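In the two complexes below, subunit A is the common chain; its partner is subunit B in one and subunit C in the other.
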Partner chain A sequence: MVRPDRQLQPHSSLQSNIIGNVNHATVISTVFALIIINKAGGLIYNRTFHEGGLNKISTNDYLVLAGTFHGVHAITARLNPLKPITNPNRTSTTSTFPSSTPNPNTGTPNPSATPNSSVPSVPSTSGGSYLTRPDPPAGLEVLETENFRMQCFTTLTGTKFLLFTDTTQANVDLTMRRVYDMYADYVMKNPFYQLEMPVRCDMFERKLGSYIREINNR
Partner chain B sequence: MVVYSFYIFDRHTECIYSKTWLPTTATAHDPQATGASHQLRASTADDAKLIFGTVFSLRNMVRKLGGDDDAFVSYRTAHYKLHFYETASSLRLVMLTDTATLSMRNVLHQIYINLWVEYVVKNPLSPVEHKAGAGVKNELFELGLDQFVRGLM
Partner chain C sequence: MSHLGPGKAVSSKEQTGLRYPSNGKTIYHRPLNRTKTAELSQSSFAYLFSEMVTYAQRRVTGIQELEKRLNLQGHPIGLKLLDLLLTREPPRSQTRPLTIIALLHFIKINLWTHLFGRQADRLEKSSNPDTPDEYMIIDNEPLVNAYISVPREMSQLNCAAFVAGMIEGVCDGAMFPARVTAHSVGGKEEGEMWPGKTVFLVKFQPEVLEREALIGKG
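Moving on, here comes the complex of A and B:
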């Protein structure tokens, strides 16, 4: 994948002017910190790359923050305002929806109007939805504040990568992707690493450090 | 852009106003219209609580990390985007929109200045504390908000 910011800059005269005058490229891409949260909400890795971007807080506060974020992330996934429209099937399995409502997937009403006499062999997730893949994690992805921007990437197994950057940072997706690659390569492939435990891998530290330093000095 | 819903929370963390602009909820499942709307009302009450909890936690988290002057502006998920604006008097305005929407901070600020201050604060009949939304649901405010938001869409 090419870096779109590098590709696009020459086209926008305004931006190229700004970048031509001052070396704003360094300001544009500053990665402040990385936090990794395991699937239980425990903090397994945190590292600050840039002093002055974020307040210094104690390790204990980081642990609290990780736990809080884990909870908030779960709630944000449930707050989807479109849920009655996009997947009525999934909600109807647990809600008090009467079974005589038309099945949205097949468009046919359930065969019986009496709720309890429906065929037991038909699972409640009717309409073949059990054949489809599960929805990707749908929680918070980007958080914006006045001073920083936080990108959250949730893996399919529930590990969360939180990347704190400058507010104007572009292309965080790519950075995140690289960080995840490194995690896969140097943490998950480390035979001495215990799953869900704090990450203490020299190789990961070194590679990550040099990669982020390269971004911050660009 | 699409606006899904809008909430106002007072400084006592109570939801004093909520409104949704979900287009299809009114027509969804005609036979169960009453049941569905009942369910919808229950879910909006729950949603308001969840939204407040989320916004409150995130605001505290942001203040801890970004300093006391930092303010939480918005977050985005795969399905929606939530915008947040807090006034100096701890009135919190929250708006849920689709993901493509840009920052709505100034819009929320406009709602505060042009609608809230004009029609709720300056209304002599409106109480100081809006217990259970008292004084907020007046006609001018409702109408103005609806027009303003529909003008955005």
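Moving on, here comes the complex of A and C:
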């Protein structure tokens, strides 16, 4: 016997998002489009859900958009400085290491260029505070314009999901999560899908279509 | 099966290849009647089945051959399940099915419940007078196809040929030699409701019908 399983644990950030947006629940909101970019920066999926939400651009422009975003994302990820993990035991030793005081220059493009930056000095001085590997830098996540909001979600394997929504759209994180679930189910478990190639899976189209329609009609 | 008996399995622990549990208890040591809590993850099955399809796809010349290979992968499972499921029946109904209808009911109820946790959706006899040897087992959404989207150029293919192979194994094991094939019928009038609807066409050998007629007279 086989049971359906899905590890949909409530994500802490998702929960706060839900709570934070309760008062906006009455606002009419729309998901305009979804783009999936593979880890090499190629466009592998592109679908518009809501006519008239965004202007139509050609397929070629979509390819350029995907490639450009991939590049911008890679650069913004490098801007992200490595944050030292706060260790309670470290406070006693701080006096001997002036370099480990909170760095006012956090956010500078090149932290190693700053003389008192904690990042380059720590591995040689206070071994132990970097025992756990920090999260990889995330890069650009949200881009907002007057008419739409674009949210990017990067999977652990480097595939990017771009969701274009109304600026008032609530719970984009949750929507993104469901889209990723569907991608994992109906694309990755499909024996006829070749990795990194354009997504052409009827089941994915169908399930995604009905899910987004449900959101847009709410 | 004889070459995989429990004695051999334990004695060959030092051989390379298969791994054995450290306590020496293999799957053959387990009681046959453990029916509860015998559930598996659908995701892990989906990935495994996806690899089976990919494996069967290697060096095949056509869809017919691919379905044949999937059928062959399922056949031994059906043969073994017939024995296993009959063993698990209460002692007074432990006999193997003796008529076509009893056999098909066994497949629809026992086999399906064991494999998929529910019964098959319908059982039909061919209405065509030219083919009295054809019966149909209908499943509205086969579990094996849950995440599979067949590409357009292979629209003839139905990966439930694997399940068809299992049915064929059960029929052959019960001395009702038959050919079983899986056909998608979702695109037709009821297609909107059940896009994955599959018919398993069971075509018995002429001698089965001959015997059935004799039993009917007696």
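Everything that follows uses one rule, which is that the second predicted complex is superposed on the first by the 134 of 218 C-alpha atoms of A that agree within 3 Å, B and C clash if a C-alpha of one lies under 4 Å from a C-alpha of the other, contacts with A are read in each partner's own complex, and residues count from 1 in each chain.
What we mean here is this: a residue touches a chain if its C-beta (ideal position, glycine included) is under 8 Å from a C-beta of that chain, and two chains touch if they have at least 3 such contacts.
This one's a predicted model, so the numbers in the text were calculated from it and none came from an experiment.
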| item | value |
| --- | --- |
| First (subunit B), second (subunit C), both or neither touched by A:L79 | first |
| Partner chain in contact with A:R200 - subunit B first, subunit C second, else both or neither | second |
| Comparing the two partners subunit B and subunit C, which touches a greater set of residues in subunit A | B |
| Which superposed partner A:P191 touches (first subunit B, second subunit C, both, neither) | second |
| A:D181 touches, of subunit B and subunit C: first, second, both or neither? | neither |
| Residue ranges of subunit B in contact with subunit A within the complex | 4-5, 20, 22, 24-25, 28-29, 31-32, 35-36, 39-40, 47, 50-51, 53-54, 57-58, 60-62, 64-67, 69-80, 82, 96, 103 |
| Contact set on subunit C toward subunit A in their complex | 38-43, 45-47, 49-51, 53-54, 57, 113-117, 143, 147-151, 154, 159, 195 |
| Residues of subunit A touching subunit B in the complex | 54-55, 57, 61, 65, 68-69, 71-72, 75-82, 84-86, 95-98, 101, 136, 138-148, 164 |
| List of subunit A residues in touch with subunit C within their complex | 1-5, 185-186, 189-193, 200-204, 206 |
